[in-house]
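I've put the structures underneath this note.
Across the two complexes that follow, subunit A remains constant while its partner is subunit B and subsequently subunit C.
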Partner chain A sequence: MADKDFALMAHLMRRAGFGAPYDELEARTAKGYEATVEELLHPETQPELERDIMMRYKTEWVSQAGLEGQQEEWTYRMINTKRPLEEKMALFWHGVLCTGHAKCEYPKQQQMEFDMFRFQGLGSFRELLQGLARDPAMVFYLDNCMSHKGAINENWGRELLELFSLGVGMDGKENYSEDDVKAAARAFTGWTVTSAIPRYPYGRYETRFIFDPNDHDNDEKTFQGETGNFNGQDIIDIIVKQPGAARFVARHLYNFFVADEPQVPAWKDTPPQDPEAIKMLEDEYFRSDYNIGSMLRVLFNSDFFKNSRFTKVKSPAETVVGTMRLVGDFTTPKPGMNALTLTIRYMGQDLLNPPTVEGWHTGKEWIDSGTLVERINFTADQVGNTSLPGVQAIINRLRAQGSTLSAEALVEGCLDNLGAYDITDETRSQLVELAKSEGEIKTSGPEFDQRVAQMLQSMVATTEYIFA
Partner chain B sequence: MTTQISHVNLQYSHTIGRGEQFGPGFTYPIFVARGEDDLMYVLCRGTEYRPEGTRITVCTVAEDFVSIFARGVTQQGPHEYNMADGALVWPTGLAIDSQGNIYACDEWLNRISIYNKDGEFVGKWQENPGSGDGQLDRPAGMVFDQQDNLYIVDGGNHRVQKFTKDGKFLAQWGSLGDGDGQFNMPWGIAIDKQEDIYIADWRNDRIQKFDSDGNFLMKFGTTGSGEGQLNRPTGVAVDKEGIIYVADWMNDRLQVFDRDGSFLLLKTGDATVSKWGMDKLNANPEMWEERKRAHGLEREKDFWAPSGVTVDDQGRVFVVESTRNRVQVYQKQGATFLGIRL
Partner chain C sequence: MTVTKKDPVLAVLQLSGGNDAMNTIVPYTDGNYVDNRPFVRIPSESVLPINDKIGFNPAMGPLKKLYDEGKVAIIQGVGYPQPSRSHFRSMDIWHTCEPDKVGDEGWLGRAVRDLDPNKENVLTAVNFGRGLPRALAAPGVPVASVGNLETYGVLTGIDDEDQRLKALDVFSRVYSPMIGRGGVADYLAQTGLDALKGADILSTAAESYSSTVEYGGDTVGQYLRNMVQTHLAGFGTRLLYTTAPYNSFDTHAGEMANHSRLWTETSRAIADFYDDLKEHDASDNVVLLVFTEFGRRVHDNGSGTDHGSGGIAFVVGDAVKGGLYGEYPSLDQDKLLEGDLHFNNDFRGLYSTLLEQWMGLDAKPIVNGSFEQMAFLG
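Moving on, here comes the complex of A and B:
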């Protein structure tokens, strides 16, 4: 059984990052839990990826013009980043504050939005929303460029309230009215983008946010009970003060980092599964002046987080990226990135291209008969590949335990190396039986490599491994 | 005592290309080699998700499409590289020998593929990855000397190797570092009429010059974005007067240096709509209207991460932009004055 501190570190790194191999977990355990939390919350203290090398070998990562190329680039970042929480926040916010390639059609423009998520995603929620309202990808995606004084398009105003900041309601009550939607939409008139250069003959160019005062409705509006000649900035300032905003951010953070919650539309009538945890996060939201990093510090250091091991279904991105970090593949750019990235799509998460503005439904909704087979086949193929450095490292660590291993020791050793996984007694006994079925486990010779690989493959095919 | 004053000006000529997986056009072009007459061989790196775009496009300087080759099998499916003989995965450099055969290097396969002037695959150097004499690790730029010996920038091994055209190892120099004669992931290469060699020392942000035996002669360039400074130079070319052209990748510009490495001028791009681009826009006329409304159309002129530069005997300078699927062509103007100071 893994050391408790090691197991907790494995948990933290799965949730705040994309998992970590055994050596890194050992080093971080020695460094300490709270120190690691602080490092994660300060990504700027860790080196950036070497983008020049990435772009030299993957020339399409310079122009960021194609969906699949940009999915590759992001996947590569997630695998190799030294700033795991920074990249995790980009993934988190992408799933909440959605734009989609199907409409935006220019991955570089979305990439600029993701950079905002990377660099502001741990900062003030107010500032993040202010940036989002000026983000050209979002302005185009939710049609605010089509919203004019006297002829509003409510799309942005509505989704800002419903899906990006307040949610429909909480504690059985609505968080906003239809009049609030209209007032918000009016306040954002004139917030638009420059006209785009068409894609032929040389490809697209970024558009830029502009404010057109002639198209702005500067008349009086009433929003959330306040009245004034509000513009978009005022609307966001009012939104972030609302209890609903605190609840919205708290439940999203809980759902992404702690345990699966029901989907957003149910939040009005379905209370949080852990109201005390949500209350702690809401309190920190207001205490810290809406600071996401502060909320996460409370979250990661809380008992409710530390006691939440294996209560979340891993997303496809977490599954694929976590597996790559475990097996140590794709540490430099190489052919095969596209196939790897497509695996994430086939598991149900088409990065940059969520199904709707609501993002992906998470938790058990990631799993159906097709995606489950894809998930198991992929992970089993990877951990069964004894030529991969991470798999070799696992084999070598187990081999160092002695000339022979008991079946129980093989099972425990593999579970530890996968990240201190917990399994049920029934699963454990089945795995021990499997380990015994081929006789004495001698650690010398290539047969041992195969027995370890077989055990790892069996483990990643368990129900337990679906969870993080 | 005489004074030499080199005055160089580059006059923008025209732009060639458009983004296209087939026929007239390029897919992430990474290098261009000039052939006989007015032929251009444009090496298209392509992408993994549309690998059919990886190819060599042959066209003229006047932008007449001639052919494509090196695509390997024609029925290649999506999302899979073709690694068969004659096909390319991560092509990086081209060089043309005295008979007009085209040599292409592939930094994934560590392979040199050879095609005749009609684009027919005629052979390869057996893949020999490694760091020993004659072995390759991510070959990048290539250039032939007048004896048909081939210099290959061996990027992953941080060195330059010299071979006969049949692949027999002759010499090598360089190692990882930033001292004179050392390299950090070098990329482009050029040769002048004295057969001195110029290397784009990519991650050291400089150009180094050697004699044909690999003896260090000079260097220029430091990290930065000021005049004469470089940010990951990808390509280097030398014209018959010894003027040096550098594709300054992450500074999005072309820089021109005198024989002694002193800065002369820089260009940030002057692209116009190419002939093939006109065809595309005429086939999608609504885009002409969109262009009229577009904001910041002047950005279309600008270089974006030029990945290679080539100069021909007529003083035409070809700057390749993989990001924009095009080649901007400049014409060198001016004369070299030799004599006493006026």
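Moving on, here comes the complex of A and C:
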């Protein structure tokens, strides 16, 4: 049975990152929990990925082709980053502050947006929203460039309130009115982007955000009970002061890092499952001047986080990336990245291209009979591949335990190597039966490799393994 | 109820994003249309006329042809009171028939429960696409959801057949005890067991199919083809569902080009679907519903249209009495609802018609009330 500190470290790394293999977990356990939390919260202390290596293998990752190349690039980053929380924050914010490839003028704009999520994702929520309102990918995605003085396009104004900052309501009450939507849209008139330079003959350039004072509605507006000649930045400054914004950020962080919550449209009428935890996060939001990293420090060091092992359904990106980190594949760019990233899509998460501006529905909604089959088949194929270095490492660690293993020891050893997984007694007894069914377990010879692989395959197919 | 020898089947195509009703069935002779659509207007000379008031978008030739053959009911002015202009909320309302609270049980999920109360067939309803739409979700109701019909199966990567059977045996043994524990584990276990059963059956559908109909390469075309394959395989599937992905009908900008492409693909896919069924003598017991979560704003925004209300739906099939149902909502300024078309046809009446007159179910508990039904079924 795994050591308690080791199990807790495995939990932290699954949630704050994408999981880690056994020896990394051992090293981090030795370093200590709080020290690891601080390291995660300060990604700048760890080296960046070497972009020139990525470019050398996959020029299209930088020069920019379509959706699949970008998905490969991001997946590669998630697998290999030394700054797991930085990449996890990019994934978090992408799922909340959504843009979609299906409506993106130039794919590189989304990459620039993700860089903003990487480098500002642990900072001030206010600054992040100010950046988002000026993000060319977002301005185009939600048509703010089509919103004009006297002829507003409400798309950005509405989604900013409904999905990016306040949510429809909380504690049974509305967080904003239809008039607020219109006032916000008016305040953001004139927030637009430069025209795209044509693709030929020299290739595309990114568009830039510009403010056009001639197209800005300078009349008085009333927003959230305040009246003035508001511009876009005033709207965001008013938004972040609202209790609704604190609740919104707290609940999203809780849903992503702690335990599955109902989907966003239900938040008006469905209270949080752990109101005290949400209160702690809301208090830290205001105390820290809307700082996300400070909220996460409170979160990772809290009892409610430490007690939340295996209460979250893994997302497809977490499943695929976590499996790669476990089996040690794709540590350099190589052919096969495309098939790998398509798997994430087939499990229900088309990175860079969420189904709607609401992002993906999470928790058990990741799972239906189709996506479950994709998930189980993919994971089983990987852990069953004994030629992969991470699988070999698991086999060798178990082999080092002695010349024979009991069925129980094989089961426990495999669970520890997967990241200190908990399973029910029924599942355990079925797996022990499976281990016994082929006789004595001798650790010498290639047959042992197969028996470990078979055990790992059955484990990753269990309901328990669906959770993180 | 319609008398057919074979069990009636309902197929559903969801057009996500909010299809612009006014540029789909176009009120091309209405002066208000011209006035309100300075930029996003179908020129009257290119409309495919139905009568001297309205006509099809020119990209919808294949659907117009089916309409002329009497196979298409056009449901005009469809919606619900106090319309929501949020995609998610409005789609949820269409999915759950719950306009006042957020429901998590879908109308078709409830229909599956009534069609197969003892859960004898895990393929009573099949969804094509990634992720299950809420319309098909209901606690304890098995629905197969298929991303790729050709490769569907559990633990298919284990090459050694003995080992695979052993692994599948362990799989069903560890999933079974989770049933009845409640909560998410129960849901996951049930999903796993249903997947195991459904996969074995579904894997045979593509093999036995052949057709002269060549569908387009777009997602909707491919999934409508999968629907026909599944229907023809005779698994007892009664509900088939798919979704046009990526909220593609959300035409805030660049609507003229995008909307035209979308309908070129979609109306071809619908006609291919019908022709394919016809070719296999299987079109008499299938009806296709095409719907969207809302229509769009009457006045354009210069390049596209914003979220509105009052939409258009279609019902297609041999059993359908083609024609116009409901009224085309007035475009007069004083008849509009906050700048949007006013609905005159509750979608729950449309659902009730399909559930009672076609599927032979009691609609009231499924759509949460009694709503006026329509006469589009023969």
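Just so we're on the same page, the second predicted complex is superposed on the first by the 460 of 468 C-alpha atoms of A that agree within 3 Å, B and C clash if a C-alpha of one lies under 4 Å from a C-alpha of the other, contacts with A are read in each partner's own complex, and residues count from 1 in each chain.
Here, a contact is a pair of C-beta atoms (placed from the backbone, for glycine too) under 8 Å apart; a residue touches a chain by one contact, two chains touch by 3 or more.
The structure presented is a predicted model; accordingly, all values stated were derived computationally and were not measured.
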item	value
Fit or clash between subunit C and subunit B when superposed on subunit A	fit
Touched partner set for A:Glu162, first subunit B, second subunit C, both or neither	second
Per-residue contact with subunit A, leading partner among subunit C and subunit B	C
Partner chain(s) touched by A:Asn338 [first = subunit B, second = subunit C, both, neither]	first
Subunit B versus subunit C as contact partner of A:Asp52, first or second or both or neither	first
Angle, in degrees and to the nearest 10, that opens at subunit A between the C-alpha centres of subunit B and subunit C	100
Which superposed partner A:Leu431 touches (first subunit B, second subunit C, both, neither)	second
Lowest inter-chain C-alpha distance for subunit C and subunit B in the superposed arrangement, angstrom	12
Doubly contacted residues of subunit A, that is, touched by subunit B and again by subunit C	none
Residue ranges of subunit A in contact with subunit C within the complex	100, 102-103, 142-143, 146-148, 151, 153-155, 158, 162, 168, 260, 264-266, 268-270, 313, 345-348, 350, 353, 355-358, 361, 363-365, 367-374, 376-377, 380-381, 384, 424, 426-427, 430-431, 434, 437, 454, 457-458, 461-463, 466
In the complex with subunit A, residue positions of subunit B that touch it	17-19, 28, 30, 45, 47-50, 79, 81, 89-90, 107-108, 185, 187, 202-203, 232, 250, 271, 273-274, 276-278, 280-281, 284, 287, 290-291, 293-297, 299-300, 304-305, 307, 322-326
Residues of subunit C defined as touching subunit A within the complex	16, 85-89, 92, 101-102, 122, 127, 130-132, 142-148, 152-158, 163, 166-167, 170-171, 173-175, 177-178, 184-185, 187-189, 191-192, 194-195, 198-199, 245-248, 250, 252-253, 301-304, 306-307
Subunit A residues touching subunit B - in the complex, by the definition given at the top	52-53, 55-57, 59-60, 62-63, 65-66, 68-69, 72, 194-198, 200-203, 205, 207-208, 334-339, 342
